[in-house]
Every structure is written in C-alpha cells, then in structure tokens.
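As structure tokens, here come the structures.
Both of the next two complexes hold subunit A, though its partner changes from subunit B to subunit C.
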Partner chain A sequence: MIQMEQSPPPALLLDKVDVAYRTRGRDMRVLSKVSIRIEPGEAYGLVGESGCGKSTVALTVLHTLPGNGHVLGGKLEVAGRDLRRLDAPALRHMRAHDISMVYQDAGRALNPSMTVGRQLLEVFEVLGQGGQEAVERAHAMLARVQISGPARVMASYPHQLSGGMQQRVVIAMALAKDPSLLILDEPTTGLDATVEAEVLDLVADLRRDFNSSILFISHNLGAIASICDRVGVLYAGHLVEEGPAQQVFSDPRHPYTASLLRCLPKAGLTKRKSALETIPGFLPPPGAIIKGCCFAPRCSMARQRCHDESPPAYDLGGRQSACHYHDHVDFIAGKDLRPVVVSAPAAARQPALALDAVSKTYHVGGQPLHAVRDVSMTLQPGQTLGLVGESGSGKTTLARLLLGLVAPDAGGRIELDGEALAPTAAERPTEHVKAMQIVFQNPDSALNRAHTVRHLIGRALSRLAGLRGRRLREEMMRLVGAVRLTERHLALRPRQLSGGLKQRVAIARAFAGNPRIVVCDEPTSALDVSVQAAILNLLAELQDQRQVSYVFISHDLGVVRYLADRIAVLYLGRLMELGPAEAVFTGPHHPYTEALLSAVPSHTGRRNERIKLKGEIPSPLNPPSGCVFQTRCPRKVGEICETTEPPMQSEDDHGIRCHIPRAELGRLTPAHP
Partner chain B sequence: MGKAIGRFVLKRLGLAVLTLFLLSIVVFAGCMVLPGNVARAILGPFADQRAVDALNHQLGADRPALSLYWEWITKLLHGDMGTSYTFRAPVAPFVRDALVNSLKLAALAFVIVVPLSILGGIVAALFAGRWPDKLISLTSLSLTVIPEFVSSIALLLIFAIWLRWLPLSASFPADAGALTQIYYLLLPCLPLVIVLFGYFARMTRAGVVEAMASDYTRTAILKGLPRRTVIIRHVLRNALLPTITVIASQTSYLIGGLVVVEGLFRYQGIGSLILTAARGKDFPMLQGGILTIGALFIAAVLIADLIFLLVNPRTRTSLR
Partner chain C sequence: MTAQTTMLDAEPGSTPIVFEEPRIRSRWSLLFRSGTFWVGAIITGFWACCAIFGPWVVPLDPFADDLMNTLGPPDALHWFGTDQLGRDVFSRVIVGARDILTIAPLATIVGTICGTIVGLVTGYFGGIVDMLVSRVIEVMVALPLIVVALLVLVALGPSTPAVIVVIGLVFTPLIGRTVRAAVQSERDLDYVDAAQIRGENALHIMFVEILPNVLPPILVEMTVRLGYAIFFVASLSFLGFGIQPPSPDWGLAISENYGVIAGGYWWTVAFAAGATGSLVVGVNLLAEGIHGALTG
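Take a look at the complex of A and B:
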C-alpha cells in the first residue's frame, strides 16, 4: 500500500472497501475488500457477471447507494479527497466538478420533459457559467461528440433523438465539466453493434482530448478490451484478478476469468464443431458466508485448500490474482466438448419454411412505411436462419409476419412444409399455430408472474399439445428435463428464478407443442455470457433432437455465427445479403454486412479497422432512392446506386444485393484465427 | 405544434358533443321510465283526475316520447332549457344560480385541497418510510374512508355548535362580500377536503417516489445540482402528471355529487337542485341540471388533458 503520493494522487482509490446492503436487520455484504487504483488519465475496466457488484462499485464512488446500502470499511478517495468524510456541500461540489457518470439506457438518464439543451446547460449553471457563454460551450461540447446541428439537438426533447444520439448527449453532459473521473456503466448495452462501435470510438477519441480517468463497467469483454488499459474482474464482490487488459484477456491467471472467456462463442466456432463451455453452478447469494475461495464451488480445478483457505491477492508482477493455483490456470485447454449437432444438414429437402415476396407496409399519417419489402427465402428443417441488421431494419416485423401477429401485404406468401399459411394467427388452424412458436428477449415480461412454472408449462402443453392428466405430467417431466430444469423448479414462480432459468421455462413453453419453427428474438441478449452459453447449447441440442428450425434474431454476430446455418442481412426492410453462414462471414460481403462485421469489438483487443457508416439509418418513411443503403455506403459506385436498385447477385446459394461485381466486393480478414 | 393542438381540441370537442347527445338520450329516457305521473306529483294525491289529465296535457306530458324529446332537444339547442313544472318558470336561471353556488363551493374546496394534498404527498415521498411519511399516509388513508356525511355532522357539531366559530348554515346573505361568502362556505368545504386529501396526496406521493427513483433524477443529482433544484425542476414536473388527471376526474363529484353536504348545510347547489327536481318529477329541471354537470365534467377533463399535453412533451409530439 502506498502511504505518501509524491506525484498527483490517483483519480480513484479504493482500498479494502466493504459494502453491505441491510435487509431484515442483517448486513448482506456485496463488496469484500475491493481495492482499485486508477491513475490520472488511465482507463480501467471492471468486468464480471450480473450480481458481482460492478454497479455497486460505481454507486459507492458516487455516494448514491440505495437507502439500505452502506460502506462498512476501507478507504475511498477521489483525486486525493476522502469520500467518506465529505459533507453534503462538499459532495455536491465534487459531483459538479470532479466525477461524471454515464449509465446504460441513455433514454432514461435524460429528463423526458426538459429539452436536451436545458439539461446540458445545467452542467454549466452549476459551475456558475450562464448566458451566451454557456450556450456556446454547450454547442462546442455537442460538436465534440460528433453531433451535427447542435442547435436543433438542443431544442429537442430526449424522445425525439435516436438511442445513439441520446448516448452522445449523455456523454457530452458528462464530459462538459472536464471531470477527473468518468464512470461508464454499461454505456453500450442495448445499442446496435454499429452504434456501439461508434460510441466506443468516441470514448477512445475523447480520452485523448480530455484528461479524464475512466472507470468502464461492462459485461462486454470486447468493449472493455477496446478502451481500457487495465482491467479488474469481480466475482461475488471480490476482485479476483487484475492486470493489463491485453494480458488478462490473453492469459488469464484466475479460473473465473478463464471460464468467462471460454464461454464466449469464438470466431469460427459453430454448433457443428463444439458445444460452448459454461460455468456450472450459481453465484453465491449476497450475504452468504464464504469460506475459502469464493469461486471454489464452481471451479473445475478447485482443491481442498481452495475450500479452506481464502486466497490473498497474489502479486504476479504488475498484475494480481486471487487464486492459490494461479500458475496452473490453463486457458486454452478446456474440457473436451463434443459437437452439439452431429447430423449433417440434408440438402434439397422440402423447406420447413419458405417466404416468397413477403412485404409489410404500414401507413403512418397517410404515408406508406415499408417495414419489410419483398423478402424471399427458405429454411430447411433442423436449420437455423440468423436474421441480422440494425434496429429499424425490419427483423422484428419479419418475425411478427411469420407468427401471424401482423398480416403481410397481399401478394406475399409464407409456406410451412409446403402448405400456405393464412395471413394472421387467428385464421390459422391449430396445428399451424403450434408449429410456430417464439422465445422472447425478456422472459420477465413473457412469463406471467402470477403462475408457477408447473402452471406455465402445463398450460402450454394442454393448449398446444392437447394433453391431459397422466400424459400431460409425463410429457411435462420430459420437457422439463430437456431444458435442464428439475422437478424442484416446477413449484416456483418466475420471480424466484434467475434470468437463465426463466429463459429455460420460456423455451420449454415454446417447445410444448412440438413446433416446426421457433422464432428466437434476441433470446440471450439480456443474459450473462456463461448463461448465454448454456442457453445456446440448449437450443442447439433441442434442434438436433427434434429437427426444429430456428429463425434467430440477434445483434450479437458472434452468437449468430455459432448457431446459424444461413444468414439473412436486412437493411430498411430490404434483404441485402442471404447465404450460408460460413459464406456470409468469410465473404465476399455486401458493404453493409462488411461494416456490421467490422464493428464487432473483440476481447483480444485486436480490432479490424472499423468501416464507419456515415450518419444514421434513414427514416423508413422516406427511404433513399435506388439502393436503400446508398446514403451510408462507403463503397458507393456512383449515380447508378441512386437511380437503380441493384438485383440480388447469386452464386453458390449466396446472394448479395449490390452493383459492385462480386469479385470486387470486400473480404474481411478474420479478427482471430 | 399549435396546429396539432388545435386539431386535438377540435376532435375532442366533437367527441364532447357526441357524449352530451348520448347523455341527453339517457337522461331523457330515464325520466320517461321514472314511476309516477307528473301532474299527479304536482297537484298532490287528492287532486281530481280530470285536473291531473288537463295539467298533463298542458305540460305536454301525455305526448309520445320521441316528439317530446325532439321538442326538448331543439329548444335546448337554442339555449332554452324549458319551463320548470314545479315553479312554472324558466329552468335556466335556477340552474345558473345553483351552478354558481356549486362552483363557489367546489372552487374553495379545490383551492384548499389541491395545494395541501400535493404538498402533503411531496413531503411524504421525500421522507418515504420515515415518520412524516407514516403520519401523512396514515392520516390521509383514515380520512379518505370517512364518508362526507359522517364528517359533515362531526364538523358541524365541533365548529358550529360547540365552538361556534363558523355558521351552521352555508346560505350566506344575498349581499355578502367575497370574504363573508368564504366564511360561510368554509365549513361545508372541509368534508370535501377531507375526502379528497387522501386520494390526491397518495397519488402525488406515488408519482414523486417513482420520479425520485428514476435515472434522470440520479443524473440531476450527479450533476451536483442542489437538492431543491433537483426536486423542483426534475422530479415534480414528471411526478405530478398522473395527479393532474386524477384531480380533473374529481370535478364532477365536487360539482354535482354533493347532495348530502348541500342538504346538511342547507346550501342551494346544483346537487340539491337535481335532488329536489327528481323528487318533484320536475323533468325539465332534472334534465337541464344533469346535462349541465355533464358538460362541466367534459370541459374539466378536456382542460386537464390540455395541461397534461403542455407539460408532457412526449404526448405533444405524438399528436397527429
């Protein structure tokens, strides 16, 4: 521990900080002896799964713990000032000058009933600046976060801006006071990959111009790797590993870090090659008495000593690990995982799903809005079609069309096993309805909170499979076993289950009627990586056993690559590229696909030169002429792009809608082997 | 933006006309099926049957319903509410005087209860879980469940009979000035304040608690703004939106639903006017009174929606 600082004090210093939440008269410890030191100008990443205490660190630093949370002990300093001794005016002063925070969901961080300008000006108002000077500084600040037309944005209300714009405004607000410490709590979660990449680029750029230190909290290892110098890994309120980001991610010295990294679907890994690794077991509940190492119960290399003796933070020269056996952590060699899907895809069978010229036009204020325009594709039984595109590209509308929640425009045709489907679910016979099911992103809102798991699954079985009595009970046990739940879970209600378990219930519900097609709408994007891996494994297994087809919507290209056999890329309701997953990922690519792929941050820190898309996705009410992508296309050829919609150029079952000859289209060098 | 609001108001006015039309049918039909005979009610049980028939004919009560309705509604559209059966005089002045009285009572109750309950709700929310919150929440909840006729009697006993601070009757002298009128109306106001306080205060408390827990409030706190500014500028504006709607929905109760209070305090409001009319089978008076309350209620809701619209930019831009 350093007693005297000669040079400027660290921007943030946490020394053996303990934080607890008090519930029913008992202190539940959520942070245990956490020590973090962030030097001026340094960017520090904090990773870990939900419930590990990442956000509690931020709340503690900002002194905004909920009413029942309090710091039990340790030292907390911001720029050399003891946070625990500040009185209210001093705390306010510190917030006004020294610390800023950006959190997830910028839309909610902005006051809905005040203009953006008013909210931005407040930052200067607190600093005692007003009038024209403040307005000019606000304009300059918005320009710094690459907002063109600051005056227009200042006059807007938050809901009139897109998610990416909102996040820029919040970042501008946070940086306006030139803070010594900027805390970013999941700033890109919920944003599209392209927008996420832009925000990350922006933060990286601004780092160079401002002197702020950064505490970057995220479960997205790629995002952390692209911004941070050093990284800390939190598990159950303990800092289990810390060190330079590159080293920690390429050569982890704690089994938890290693397991987290192994859960990620690596480039090139697909369901046909190997199952994903998961972390068995659960996070200890807050307040649990932990003897020995906190990760020991879930650790594959735990020995007796790990259960008895709490590991100290071993100093490994510039990095530390809280593992007795930090020398033995073997990152590369996981367990031998067998491929999930063994059966090879049989070609030229009757497709399970066929779409022919399907469109959906909404009418907004008398104007036509082409949410989905002229989409044709097929999906074989037992295969997965990945639907990829930014928000507003028509992915969700397409899913709704399949399920019959909205009726397609006349002229389009959707076929299930060669039989034409009625436009809406209400007109479809029961067997068609049960043949098409959906798993939603958020199982919380998809499952009725008032019912038990037994009721939820039982109802699906009686409604969709028409089962009663003993046969229903037998089938329920089979289904529950198939999604790896146990009989014990049947009596519980959704709120008593973790996110992953809830998603299993939702999957069981969808599979109750033995569906032919399951639409998975971002089924893992609300889940932690280890739980995501388990759910992806489960989906792959169920697919193999039951020859069910998936329409898999996700903005996470790594996840899509793992599960998909075919990929469709949508932009403004138009199909831009369609082909076998391997071909879509290796190229040649449509310029849009190429931009999407290049936007993915990789946790190895090596990132392809990102292809920047200009501007925002145009309004579907007023789509560009010619090729819908021409306004943002980095490879626009010329006039032809503005006048003529390019045809689908197809070769080997891989179609690309572009004027550029196939041979000249880009191929990305893979980010990692 | 201005155009959008204009269109919104026009649309709502159209709906209001339709609502009033339907209400007129319901009211009229209701009067038709009320038991008893108009002239018999007026002339008394011992009157000669011929006299009763003659009066019925004179009043037009013996004609078919549809033609009666048509006559009534066309007159109404020309501003003529008809002639009272009981008083043999035009209905409109009665309704107008009663309405003015009711509005005075309602306005006074509003002026007292709205600031008081909003303030109470805010204080309770800011001290959520601590003693001021417990005190306010418990008091308001217990007060809300006391019906106004019970509290009226209690208040009358305490303030008018024992303490003799306030007059027993609310009927102020004809030449009374504004302050004297308020003095007379204070006592009948209190039961209303008691009933509404808990409702408004709890609504406000819920809104403020939610806004205090919101991310935008945290943003404001983390800007280093003083607590006062955070609450006034960021919390209240969003927190009071639901309260506005609730307050507006209570206007019809305050204006037309005070039969008991008006009766107890011998006050000539529109509630007691309607009650008297219903008892005396004075249909023109009854119909005129109810339609007036209906129109007032619709106007109150429209005004509340407009306020909601003006303070809530999200609904403002979603207008088409």
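Take a look at the complex of A and C:
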C-alpha cells in the first residue's frame, strides 16, 4: 500500500493485519495481510461469503476477538491511534467515544428488560451527560433516525417495536456519541426488502449529517452498492479486490468478484433463458495452508503460476486486485449456459393445484385473526408459483394450509389434480401425502440431526414411495445422484455437511415420493449466493425432468423472477396481485407490488426512485377497513379505499386488486431484477 | 487440514462437490478430558467393584457373629471395629455396597423410562393432555417424596421389587418434567413438521425422530437421579422400609447402630455413613462430568 502522509489521519487503517484463532494448540489463520484504509467521512463496504472473515475484521477493530483469537502482526489504527498499544482504560475510552457498532440482529442487541429510553440514556451517561440534557439529546437522536413520537418509543420495551424500528434505535444509539467510525455488521439481514430499503436510506441520509466513517459489512452486494464509496472483497481471509464501489461492481478485476456477481440472478434472467453461474468447489477451511492464490482451486482461469505463486495486491490506479491476470478477468465469462427449462409451459390442461376461496382464521383472545383470507389461485403442472410479500403477509400460513399442517376454514377448497384435499395431512390418503412435499428455509432445523443422510432419504422413500430392500437402495442412489450428492454422503449426519449440501438432502427427501407439488419456503435465503445459484439450478432442472410444480416463497424478488412462471403478491393475508411473472414484473403494478419492486437494491447502483410506504404493516388483528393496503398506499384515491374492498381487475390472466383503473396503474422501468 | 477436505466428482461433467470429513473429536474425548468425570468414575467404580467382588475379597465373613467381641474398636484384625453382634464392620461396609448398587440403578432406570414416556407424550401433544399430566406432576412434586414412598411401601409391604418400583414412580414426574422441556423445544423444529407432512404417526415422531435428540439431557438427568436414588434407598433402609436385615446395607447398619454412638462406639455408624456419602458424591461428580461434556 502506498504510504500517504497527510492530515487528518484515516478513520481506520489496517495494514497487513494477520489474525488467527488458536484451536487445539494450532493457529488457524483467518485473516491474512488484510489492508484497509478508510478516510474520514468515507463509507467502506466489505463483502464476501460466510466464512471469509468479514466479522473477524469488525471484531479485530473493536478489539473484541474471542479468547482464542489474536492479532499476529500488522498495524491497526483508529483515527491515528495504534490499537495494539492501547491499555485497557484507553481502549475503553476509545470504544466509548470513537467507535460504534451495529449488529445484525437488533432484537438481540437491545436489552429486553430495559426500556429503549433507559438504554439510550446509558450512552449519554457514559459520555458524562445526565439529567434533562441527556433526555433532550435522546429525543433529538431518535428524531434524527426518523422515529416519529420519540417519547412513546423511549417508554417502550424492545419487543414492542418492529424489527425495522429496533434497528433504527440501535443506529440512534450508535450515532449518539458521534463516533469517528461506525461499523455496521449485516444490519439489514433478516429484514423485509421494504424495511431494508428504509434502513439503507436512513444510513445514507445520516452519512451526510454526521462525520462518521462507515465500515459496512454485508453479503448483500446491492446493499453495499447503494451505500458505499469504496468496497473491499474478502475471500478466505484475503482481501482479493478493492476499489471504488461502482468500478468494482461494474468492472471487476478479480475472478472471485466477477464470479460472485455472475451468481446473482441478473435482471430479467429466468430459468427459461439460462442456468445460473455457480462457483465450483468449496472455501478452504480456516487454517488451511494456501500455496499460491487462495482462489486458484475454484478459478476457471487459473494457470500454473496461480497455483505456485501467491499474487501481490496489484495497484491498478486507485484500486487493487490480488490476481496475476487481473487484465483478463473479462474473459472468464462463462461456460456455455443453456436454459434449464426447455419444455414450454402448458396451459389449458387441468391445473395441478387449485385453491378456491381458501381462508384461515386464528382466534387470539376471542378476536378473529385472518391470517389468510379468501385466496383463490391455480397452478399448472410443471410451473412455479412465486409467493411474495412482507413478513406477516400470510405466505407461510398459506404453505402450511397446502401441506395440511393446519386446517383451512370451512368453505374453502384445495384441489390437487381436480381432487379435493382433506384439511390435514393425517386425514389425507398416501397418494395425496406424497404428492405434496416441502423444502424448508433452514435445513439445520428441517433435517433431523440424529439421523444419517441414508436414514433421512431412506425413510422418505419407504414411507412415500413404499419401497423396500434392493429397490429402495437403487432408487436412493438415483435420487442422490439427481441432487448431485454421492454415496459417500449417505453415512454422514447433517452437521457434517455444508449448508448447500444439507439443502440438497432436503430436496432429495422432498422428491422421494415423486411429488406433484413441492412447497419451497425460502429455500436459499440461508445460503451464500454461489450456493444459492447451484440450488436454484437444481430446482429448475428437477422441475424440467419431473414436471413438478413449485410454490416458491421468497422475499428475494430476483430469485422469484428467475424461477417463477406465475406470481402471487400477498398483503395481510389477502391476494393483492396475481398473474404471469412477466406481467407482474413489467406492470401495470398494484401499488404495493410497485413499492416492493422499487425497494430492491441493485448492485449496479442503478435504482429507481424508491416508492416509500408510510408506517408499518398494520396488525392483522385489526386490519384496515375497505382495502387493507389503504393505510400505507401511496396512491390512495379517496374515501372509496376506506369503505369498499376493491375487486380483482383481471385482464389477460393478470389480476390486480385495486380501485385505480388498470391503465392508470404504475409501470416501473425494467431496471429491476 | 487440507487432507480433511475431500473432493468428489458427483457425475462426470457436473460440479464437483466438496465436503469436510467428520470431526473425529467427539463428545467422548471431551468427557475423558474432564477431571470431574474421572474422580467421580474412580469413586463410583471402586464401590461398583466392592459390590461385584466384595464377598470374595473381604478378610472376614460379614455375617459371622462374635458375641465375645461386640462393639470392639478398630484394631489390626477388625480394621473398622465390630458392631453390636461382633460382626466385622470393614467387611460389612465392603459387601454393603451390593444391595444399594443393585436397587438404586434399577429404580433409576424404571424412573427414567417412565419419565421419558411421560415427557415425550406431554411435550409432543401439548394441549389438554399436557395440562392434565402436568397438574398431576405438580401435585406429586409438591408432596415430600419420602412420605409418598413410605405410604406406598406400607400399603405394598417392603420388598426389593416394591422399593424399586416406588422410587421409580417417585422419580417419574421429576424426569418427565426435564424431558418435556427438551421435547417442547424440539417440537418447534421443522423436522417434526417434515415428518407430519410425510404422514408419520405420533409414535414414530416421538420415539424415532425426537427421542434421539433429547437423549443427552435424559442421560444427564439419569445420572443426577442415580445419586438421589442411592440416598433415597439408604433413607428407606434406615427407616426400616428398604433393604431388610441381615443385609450389611449401609442405611440399615446406621439404623441398627445409631443408638450406641452416644456410648462412644462411633465406628459402627461412621464408616457406613462415610461410604454412603462418598458414593453419592462420586455419582454426582460423574453426572457433572457427563453434563459438562454434553453441553460443552
């Protein structure tokens, strides 16, 4: 790195920092010669997949590495002060005044037994301010993070606030001391797209008001692109590329960055056009002795030199790349990717799945709660229905209704290939049970950790396909091959598998009985993008081979667009829009769909003017009158929205539940996923 | 570490899939590195050896009276002295491990099996079943256990099988509560839903899906209960409702001889009491070691 002597000193300077965790007497190196320089007022993004060392960077800067972690070498400075030389009181002073951290899960970062106000005042007390002055500053701080009614929020306990609100409070606490460095570690992961967009907007706004430099850690390339000036890409503890965010994302100079970007379902890409690119292989385990380039074993353009010679950080004028062949990264483009799904969508046949006026009402303290209300839709064989909506919209309840985990209200009807389904799985004949299976979001929870892969898949085969003995073994090998696992995996238990492999086991299990419908409940949201791409390819491939239909639940609209043939948008348990995927993405849109689409951050940095939704999703216990969306609708017409539930306006199989005539509904320019 | 990573080609031309070999470092190695576990294992193992081999290794016949030499103090022949009937206390303490180390483990196993069933059923089904059983459990837990046990033993008449069953029944609600809590947290996991979607019945879900995952807390609870069971058997024997004479059981020995401690004949009681205490401590250390290994 070029040494620049100028004032003021950088907000954060890491120079060739090595960090290792000591396990069983051996040092496992997790960061190797990481150099990061964040100038005052600059926002720096750090991306990489899980296990690359992103969070270790944050822990190192805060000097809060776990007991077995230690810095082996290198220089660490915050605002010109050498962190490694500070004694305990100086370190405490620095943490109290100079550095703030916002963690991923705001709900867990706040103390559940103290009011928000008390916790916020603590920050000022540490700074030596008390009494009325502190209260006033706390109010002002909450107002700065756009919380209306600070007094009410200060009197609340964390659990009384929504996830987005909690994250605002945490950000307010972090900024209250006007730190010189603010570290955000995955601050929007786990939030809905609309809430995520709000938090990102807030951080972008606050950057202008405060002088804080920002270290923004995320696996979400879009989130980084919308906030950061510069970006660093971490792979296996090495900073492989660094530079201005726009340049790095539009013109990557390291094959890892390029491959990562290619794994994302690009704008307009669908399973009918092309398979997704994946990164073959696996992240080297921590502590692995790496000879040559750390990415070489997975790199499609690696040559002998890459395996022998560790690449230095080549200076490319304002940006750096740790690749010997950084000039050739454009050429790695890919393998010849064929469309995964070739069979044309067959319409006019009998639908595989038909829902007619399906509702589910829970009773909470005597009050009815309409989790799903009056949903009617159909799904053709071999097609995918994308189910979209914020949390609390009823997506998961609808999935549970289909699977027979909860019984729908009387009056509704669910049909499978024209036959009515019994309300619960226990009452359904084997034929129906095996026809309707699920892939859960979190394979850690969905796979019984006590059983081996052989037992997990074997039980599903004997139970759903009725196989025994030799035929079961044959079918098991076929199934295991179909999801790209091997015989060696059969003896392992889930904890011995990586996230992607676990999800493959879950998919194999769902396909054991040759199902007609597979419900995919956020099957890739717990996975890294490269693994996500492989799983989406697999799902598309299985669909094409077996003509299975998917009900695909996801909050990631890019993923939905890639896989879905039809899309249903839910809000407060009501169907807001339903139609062919192309029509839903190109418009005209329901105002709610339009807001959802506009909230998606894109890593190209191009982003439509975001349509902001007012307030939060109302309580389903007390839904708004008339149109349930009217309290937040940016295009509310008037009284009719409050009194009359709008009809479903249908045209060309594309229904929109809104009072506004179709022709006047918005259309977003297609810059979206 | 690199050697642990294996690369496999799933199919010719397909993406290679890599996985890490299972970590060899299992819970056993964690257990065997625990000092607590080893101290407990040595104490418990010592008494277990006494129970198994005692009759063949004791220097004197533990049942032989010597009315010429009653209440003799410890000396070269009678290391722990003699009791009121002139029997050798050392031999009786060694052989006395036998009955208690038969009854207490059997009672614990009865209690663990019943408690596991109760816990699985209440935890899995929840609702009205859980509510009813939980109220019964609360009533049983509220009563002093020894009183409940005495009442049942008075009704059944004291005998070894009766003692085993009574202690097992008394432990059932206690173990049941632990298992129920563990089952409830398992029940929220998606694999239970997946089994239901697959059309499995409740028995399969409880015993094949959930049970293997709640075994660690059951094992810990079982070892903890074993310590209590030893204490419980000794107490019942002391009260005359447990192991019956002429067994050299420790509780019984204390009961037979505590009247003479005031006369200065401490050795008739002290060694039996010390033996009971050391066994309980040993089993508890064992339990703590297992607990540490399973949760650590």
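Note that the second predicted complex is superposed on the first by the 663 of 673 C-alpha atoms of A that agree within 3 Å, B and C clash if a C-alpha of one lies under 4 Å from a C-alpha of the other, contacts with A are read in each partner's own complex, and residues count from 1 in each chain.
The criterion applied here is as follows: a contact is a pair of C-beta atoms (placed from the backbone, for glycine too) under 8 Å apart; a residue touches a chain by one contact, two chains touch by 3 or more.
Note that the structure is predicted; figures quoted are calculated from it, not measured.
After overlaying the two complexes on the shared chain, residue contacts for A:Gly281 are found with subunit C alone; subunit B is out of touch. Set against each other, subunit B and subunit C touch different numbers of residues in subunit A, with C touching more. In the superposed model, A:Ile438 lies in contact with subunit C only, and not with subunit B. Of the two partner chains, neither subunit B nor subunit C is touched by A:Ala407.
Once chain A of one complex is fitted onto chain A of the other, the partner contacts of A:Ala313 are absent, as it touches neither subunit B nor subunit C.
Of the two partner chains placed by the overlay, only subunit C lies in contact with A:His451; subunit B stays clear of it.
In the superposition on chain A, no contact is made by A:Leu472 with either subunit B or subunit C. Judged by the touch definition given at the top, the superposed model places A:Ala460 against subunit C, while subunit B stays out of reach. By the touch criterion stated above, subunit A contacts subunit B in their complex at residues 62, 64, 67, 92-97, 99-101, 103, 105, 108-115, 119, 122-123, 126, 157, 159-160, 170, 173, 365.
Within the complex formed with subunit C, the subunit A residues making contact are 24, 28, 278, 280-282, 284-289, 403-405, 425-426, 428, 430, 433-434, 436-438, 440, 442, 445-451, 459-460, 463-464, 481, 484-486, 488-489, 492-493, 496-498, 501, 509, 534.
Those residues of subunit B that touch subunit A in the complex are listed here as 129, 214-216, 218-226, 233-234, 237-238, 311-314, 317, 320.
Considering their complex, residues 1-2, 4-8, 10-11, 14-23, 25, 189-191, 193-194, 196-200, 209, 212-213 of subunit C touch subunit A.
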